[in-house]
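First subunit A sits with subunit B, and in the next complex the same chain sits with subunit C.
Our next item is the complex of A and B:
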């Protein structure tokens, strides 16, 4: 337990040294506040860009507060996810390629402890980025567009965060057995595949973790079709994370050099 | 025309500036990056959010 804690501190130190703990939250805040600002100033932006047919600008309707907040969270599902996957891809792969994996495993540190330290470090980064980003996005939405229910924002962010954590756990799993770029690519592809399957078969796959972004939008709009619709996606998401985590610690314990 | 509320806009520009500064500091301290360093200086300075993002995700070596 103590060694896992030390390893976690080492991971956080590395994140600080590589400026990840600084630039990723800043990117999340920018992404979050850009949405309400651009929605609010859209007529001015269009006017500045030139040729707008007369009467067009009067047609512009300010989107609702919940809609704007949902779009901000949607940004985290696109750009945010890319950033998180690219930053997590080196977790295990970097140790292996840098030749420090043997050192880690030679220490009195079980692969399970090493994996949990790495996973916790990624969770810290995700929670910090998403928490700051969503809070700033909500603040700007309230200031510029209209009222939001804070409990709905909290619920929606938590649901979205769980989906992001699923994908980050995928990245960790693949990082334990593949080279870093392949790990990032494969986890993003897996996320896209899950999301696509869910849009194709929304009813049979109601329980899938890919339903979480949609549930997060519904939580914001406060029009949940059925109460407790979130139970199964949340449970399956947690199960997926646990599986990825156990798989990652198993694969890292073997520490074979990957061919890809 | 809405009056531009600067109290809400300046944080956005400040954050973008901060991101560029973090990028330049990390670039200056990095022993080696993918591609020449002067290219990344231009990308970070001119590329706004996207430029810094590309530097951090692709340019940096771990």
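Our next item is the complex of A and C:
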């Protein structure tokens, strides 16, 4: 497991040198603060665009703090997810197709250790981006709109983060056996598929990890319909992540060499 | 004590296509073995199986009499055909990373990494990004990372094939130097490289071992007398040349592309006198007559059935 630590340090150094550790958190921060800022300045923006019927501006009501925060997190489900999937797609595929995997795996590094290091590195990136993004979004929401319960923000971010981690784990799984673009596409398609299934059959699929975004919104609104509704989605999300991780290390062990 | 490496009945099948078809050989500690063969002979696949990167479809590899496992990886150094490194790392960082992965402590890793870089003549480039290295420098870095943990067996896949003559010279000199300290298996399709540094030669063709032996034993085994004849392009002379394919004292005859005839003979003395007498009697316009023995290149061509 010591080799996993060295590999993790290498992954983090790679993320730093490729500026991933800088620009992905910046994207998350921008996505997060855009929501409260645009909600607060909406009347001004409308005024500047002219042609607003009189009385319209008076009708504009500032959305609630919890609603704004939920919308901020919702941004991460679209653009944020795309950014994360694109940044993780090369994780295994790049090492395999580039030939660097052949050199490091001839050393005592096991595929399981390499996969743990890669997964942990992606988790670090996700936690950093989501943490900074959500903190900035909450700060601007509190400043411009109104009070938020910090524990609710933390809970909602954690639930949303788990869903994002599910999709990142999908990307890692596909990256271990397919080329990078295919891995990104398939993982996003899998996420969309899970979300769609959950919208179509919300009751039978209450336990699915795709319920996590909805639960995160409910956590913010403090309207938890049923207590402990989060238990099964969280458990199934963790199970999905573990399966993806084990699958990725197994597949990476079988696909160490470039495909021909 | 068992041999360092025992390979028996190694098979590898890719998508129904046999790439390595039953290879067996033993290797003693301290030897240098060349895997020689044309492209597609299965050399790379064999080396990847020896490096533990591919699992054989059938057959076994024993190192020190034991099946290869995780411990084995600490004792081998591997250099693939065209090594790729993390281009964003410096040479020094990569060496350090590689030695830590092989289980060395921080101080030991730093010391060995610096020593190997210096020995490879890379000390000036140590703090530069690998992305800016030349092909020869990358190959030397590849050799450095394969040797940094003092492996007992060095596996090199075509270490000089992609290099210019100067880079080739450098690597061959380094190989000769390290060949004295450790056991080496390297693959090549250039016979001259094998002759230069190796003790043993394994000739491979179509996934099988075509010939295996020490350099000197192969020379002795294939030391057959050969006569090379060339005549002017005249009908009678060419007919005379053709007639050799049916003579009893000729073991084998072959026309070369330049029109000369290669004759493998049983007994040089009698064959020479017969040929020269006939040529004189018939007034054959001889251009060339040469009596010699097979070169290793011919041995190779013969062994792989070229």
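Keep this in mind: the second predicted complex is superposed on the first by the 255 of 260 C-alpha atoms of A that agree within 3 Å, B and C clash if a C-alpha of one lies under 4 Å from a C-alpha of the other, contacts with A are read in each partner's own complex, and residues count from 1 in each chain.
Operating definition for what follows: a residue touches a chain if its C-beta (ideal position, glycine included) is under 8 Å from a C-beta of that chain, and two chains touch if they have at least 3 such contacts.
Nothing here was measured: the structure is a model prediction, and the numbers come from that model.
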**Fit-or-clash call for subunit B and subunit C when the two complexes are aligned on subunit A** = fit
**Message:** So in the superposed three-chain picture, is A:81 touching just subunit B, just subunit C, both, or none of them (first/second/both/neither)?
**Reply:** neither
**Message:** Under the stated touch criterion, which partner chain does A:94 make contact with: subunit B (first), subunit C (second), both, or neither?
**Reply:** first
**Request:** For A:18, select first, second, both or neither according to whether it touches subunit B, subunit C, the two together, or no partner.
**Result:** both
**Item:** Vertex subunit A, arms to subunit B and subunit C (CA centres, degrees, nearest 10)
**Value:** 80
**Which superposed partner A:244 touches (first subunit B, second subunit C, both, neither)** = neither
**Message:** One more residue to check, A:138. First (subunit B), second (subunit C), both or neither?
**Reply:** neither
**Request:** Would you check which partner chain A:27 touches, where first means subunit B only, second means subunit C only, and both and neither mean what they say?
**Result:** first
**Asked** Looking at the overlay, what does A:215 touch: subunit B (first), subunit C (second), both, or neither?
**Response** neither
**Request:** Please work out whether A:125 is in contact with subunit B alone, subunit C alone, both, or neither, and reply first, second, both or neither.
**Result:** neither
**Asked** Measuring by CA atoms in the overlay, how small does the subunit B-subunit C distance get, in Å?
**Response** 9
**Message:** If I apply the document's touch criterion, which positions on subunit A are contacted by subunit B in one structure and by subunit C in the other?
**Reply:** 18, 98
**Complete:** Note: in the complex, subunit A contacts subunit C through residues 2-3, 6-7, 10, 13-14, 17-18, 98-100, 102-110, 256-257
**Request:** Would you pull the subunit B residues touching subunit A in the complex into a rising list?
**Result:** 1-2, 4, 8-9, 11-12, 15-16, 18-19, 22-23, 25-26, 49, 52-53, 56-57, 60, 62
**Message:** Under the stated contact criterion, what part of subunit A meets subunit B in this complex?
**Reply:** 18-19, 22-23, 26-27, 29-30, 33-34, 37, 40-41, 43-44, 47, 79, 82-83, 86-87, 90, 94, 98, 140, 143-144
**Item:** Residue ranges of subunit C in contact with subunit A within the complex
**Value:** 48, 51-54, 70-71, 73-74, 76, 78, 80, 82-86, 88-89, 93, 97-98, 100-103, 145
